[in-house]
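The data blocks that follow each hold one structure.
Each of the next two complexes has subunit A plus one other chain: subunit B in the first, subunit C in the second.
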Partner chain A sequence: MNSGPADGALLTLSGVEVTINTLSGPVHPLQGVDLEVFPGETVGLVGESGCGKSMTLRSILRLMPPGGAITGGTVEWQDRSVLDLDTDELQTYRGSEVAMIYQNPVTALDPMLSVERQIVDAFKANREVLDGAPEEFAREALRDLEFGNPDAILKRYPHQLSGGMAQRVNIALALACGPSLILADEPTTGLDMTTQVRVLDLLEQQVHARNAALLFISHDLRAVARVARNIGIMYAGRVVEFGPRERILTEPSHPYARALLECVDLRTDERPRSIPGLVPRMTEVYPLCAFRERCVSRMAVCDEEPLPRHELGGRRRLLCHLGPGHD
Partner chain B sequence: MTTTSPRRERRLLARALVGPTVGITIRRSLFFFMLFLAVIGPWIETIGQWIPMPVYDPLRPDPFNPVSPPSAEHWFGTDTLGLDIFTRVIVATRVDFTLALIGVMLGGGLGCLAGAWASYRRGWVDMIALRIVEVVQSFPVLLLGIALFAALGSLEIFGPVDNGMAVLVIAISLVNFPLYLRQVRSVLLPLTEAEFVQAAKCAGLGAWGIVWHHFIPNARGQILALFPLTCAYAIQIIAGLSFIGLGIEPPNPEWGSMIKTGATLIVQGHWWVSVFPGAFIVLSVYSLTGFSARSETLVGPGGTSA
Partner chain C sequence: MFLANRVVVLAVVLLAVVMIGFTITRSTGTPLYASLGVAVSEAIIEQRAEEMGLNEPIVVQFWTYLTHLLQGDLGVSRISRIPVAEDIALKLPATAEMVFFTLVVSFIWAIPLGVRAGLRPGGRLAKLGEGMAQFGVSVPAFWLGLLFIFLLYFLPPRINFVIPVIDLAVGPFPPLFPPPLGRLGGVDPPAMVTGFYTVDALIAGDFRLAWEALWHLILPAVTLSLTSGPPLFRVTRTAVSEALASPFVEAAYSYGLGRRTVLIRDVLRNASPPVLNLAAMTFGYLIGGGVLVEVVFSWPGIGSYAVWGMDNSDYDVVLAVVIIAAVIYVILYFIVDLIQFAMDPRLRD
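Up next is the complex of A and B:
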């Protein structure tokens, strides 16, 4: 299953498995995630709630919930193994090399500290030498995110910010330390439709201006399609299909990806469809295909043999018995 | 919401000092009066020369005038040695307030740090912290004080500091440490999984950075509310221990030991020897509670009531 780090990749996840021990027994949210992010590119991950999107981001940062541990696979950052970093190296890695933007912008900020304190703290934590006052950097950081009056915003507390403003502050915080990869965990889900587009565009623009890569996860396929060049579809703790945006959006190979696209297809006048069946419970490990109960193309081989992995070239990858050749 | 304007800030500050209701305003003014007494305490004789007020040397006995009732010469009367109670009650204010403050800040400060650390680390660190809290809190406070005096009272290990005072401060710290640890820990426990703490970790902040920059500020409200209450409690402990003869030794003025002097006299009708220092204990405790009541006006982000 493991194929070693891809050449030139910034981040390589191969076969990452996570187990969380809870009071009611172990849960397996990730069951072998494979993913590569190259410098400066934008990758999107789509999937239903509970498919392991957020846990993938958490395993990249090695931020496990209580009782959770990475039990298999490797996470490689350039040529280093993230799982082998010691505490100091991990602190440098988080923030300075990989930063994260959270789903709920207001709770991701400390309610008791002013915006200025939080941005200044982020600068101080990650940059040993600053050529200038950190307050000046904070002001610049906000100006980059199109705040017209950064001085007034710096003095505010999180409860005095709107959702969109708070998320822009979060983006400023994430960018503060000059990371080469930004992880965004549904950064626009909590915002108004109109604000979503603006924040998304700003995020994309700022990430590109800094030549950083972006790993964007969402259950909103349209938001992902807007920013991501490569898209991965996640199901039950695995990336079941990965490929360039055009390919995934027009002719996906995996039955789940197709079903997902039909759900959000707004071109037809029909009522949006849903996928019959339920998301599998993650208390079990699925060596066979976890989607087969809901799959319209289910075959006899699906119930017998473990999930195959097809490398299709051009970074396309598929985890399905159907293979790429079917129609 | 709008940004806090200077005018609004002034109003908030005024409200914090004066208080939202009449009762709280009275208590807070009383506190500032007590604080004023504590400041002028040692110079009371000098001040007595400028304004007409019968004040005396708090330590010089008057053998010809013992246990005299309140009068124009001795507003609060005199005790068995003829010491002026009015002067002594005022001078004692500083002793009680200072010892309470130092003890609470020492024990409370360590308690806050330990509580924040325990709630951040959880697991066995948390377990050990809680067991320490339980061991300390299982002793009755006065018994703990007596035990400390038995163990440390005769050791001259505090250099120039008065031995009794040093042990009192230790006793108060020991009593306050678990109070603050528990309170801070319980407030901060849900924060471990809070998104902004996760975000701080993602930003590369270390454990102490998170505890110092995010945990302690988030417990600020509870610490501020607890602080005056525990100071009041500390004053009671000081007075209680001095009453049974530990801590500040006579003839040094201290409310608890002054009450003790008058305790046997009260049945003979010489009430003033105990009642005035007792009243000062009551008043100082009462005045301090004025800061814990409605202290939520102080706790919101940036001093606003959120």
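Up next is the complex of A and C:
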């Protein structure tokens, strides 16, 4: 499975596996994730809840929940292995190379600390020397995120912020140490519609202004399609199909990707449909295709052989026995 | 607003305590026989009752008590004829010092082990803490006190034997702790400043005396800490593990903040309010709840004083201790509220 880091990629995940030991036994949220992110690009990951999207982002930062560990595969940052970083290196990597924006903006902020303290601490986290007062940096950071009155916001506490404001503060925190990759874990899910658009625009604009790359995950294909140039479809702890947005949205190859697209067909006004069958339980390891129980194109080989991996050129990749160009 | 609210609550709580305490103490007996004996004539008893105001209607007695109380007059012991306020001023510091050191001991074991158990559940220190907590809640405090006295004071001088083969004489050893007879062993207490002998001795520059006072405090404090510390251990453990699992802790790590910073800045800060609350509650509880340990160690505190008062149906003594304990409770809560108010911005809005 391991093909080594792709040339020029910022981040390369190959065959990443995560196991979490819980009281009721082990869970395997990631079962071999392959993914590359190149400098300055925007990549989106889509999938049902529980497919391992959030865990993929956490494995990139090596932030594991209690009992969780990366048990297989490699995570490469440029030419370094993230899994081999020591504590100090990891601390520098987090925040100044890769940073994350969380799903629930209010709970991602410490309720006991002022906005100013949190931004200043994030600023100081990975900088030995700041040329200027950290408060000035914090004010600038908020101004970048279109806060009209940064001084008033700096004095506030998280519970005094609306969801949209809190998420903009989170974006400022993530951008504080100038990372070249931003991970966004459903950053607009909890916000109302108009705020969603504004926050998403602002996020894109700030990320592009810094020439940073963005890895954006959502269960909402529309949101991902709006932002991402390349899209990966996740199912049961794997990226089953990856490719440029246009390909994925118009002619996806994986049966799951097609089913997902039909669910949220952007072209018709029909009621969204659901995919028959059950979401796979991640307490099991799936050496064969995990989708085959629900798949309309199931073949004999699906029950016998492990998933083949088709590299289709132009960064397209497919994990399916059907292969490309069946139709 | 917050302050005004608190003061009103405080007044209502205290009035209720006085009323209930007054009713209960008046309905459980009379100090007449304890102070006069039984072999006196009806006339003398009647005369004494008249002197003490016991023949007045209960409402009038209550009103008299309340007006005196508001002037700081807690009454006079019907037995010793000493004003209750004087006795309390002497005995409250003894209890307060013991309870204070109890909390110090708890802050040495229960809270650090609780923090550790919250950070690393299932670790060896977590198991040690849980073991101590299990032990502490299952033994009575007075029994544990007696056990300590037996093992550390009584037993060492009585160990005296010879190991046969190598012909080695073992013991007797000096006792490890002083006899359980109060706050100091037969020496004069330091000049009264705070009423805490350890502190007053240090103020007087007498280190030997301070050491002596501390030495007398250790066993009662450890006894009370082992039996009152388990809730502190458990609450700390829960608070820390909850704070640790919060999204903002993961987010703090993701910005590149170090483990130490996140632990102190986010985890401990967010875990501290419930722990602080319980520590204050424990303090308040022990002011009255350490009675049996006071008795075991002959500690001249207000617990022993209340027991003495009850033995003699000495209304004013018992009632005064109840009121003092309630006042301390209320004041402690008020202080904790102020601290939390200062710490937690959510309470300020």
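By definition in this document, the second predicted complex is superposed on the first by the 325 of 327 C-alpha atoms of A that agree within 3 Å, B and C clash if a C-alpha of one lies under 4 Å from a C-alpha of the other, contacts with A are read in each partner's own complex, and residues count from 1 in each chain.
Here is the rule we use: a contact is a pair of C-beta atoms (placed from the backbone, for glycine too) under 8 Å apart; a residue touches a chain by one contact, two chains touch by 3 or more.
The shown structure was predicted, so the numbers you read here are calculated from the model rather than taken from an experiment.
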Subunit A as common anchor, with subunit B and subunit C clashing or fitting: clash
Partner chain in contact with A:L113 - subunit B first, subunit C second, else both or neither: both
Touched partner set for A:C295, first subunit B, second subunit C, both or neither: neither
Greater residue coverage of subunit A in the superposed arrangement, subunit B or subunit C: B
Subunit B versus subunit C as contact partner of A:Y102, first or second or both or neither: both
A:Y157 touches, of subunit B and subunit C: first, second, both or neither? both
Partner chain in contact with A:A172 - subunit B first, subunit C second, else both or neither: neither
Residues on subunit A lying within both footprints (that of subunit B and that of subunit C): 61, 63, 66, 87, 91-96, 99-100, 102, 104, 107-114, 121-122, 125-126, 157, 159-160, 170, 173-174, 176-177
Contact set on subunit A toward subunit C in their complex: 61, 63, 66, 87, 91-96, 99-100, 102, 104, 107-114, 121-122, 125-126, 157, 159-160, 170, 173-174, 176-177
Subunit A-touching residues of subunit C, taken from the complex the two chains share: 245-248, 250-259, 261, 265-266, 269-270, 343-346, 349
Footprint of subunit A on subunit B - complex, ascending: 1-4, 122, 192-196, 198-206, 209, 213-214, 217-218, 220, 301-302, 304, 306
Residues of subunit A that touch subunit B when the two form their complex: 61, 63, 65-66, 87, 91-96, 98-100, 102-104, 107-114, 117, 121-122, 125-126, 152, 155-160, 170, 173-174, 176-177, 183
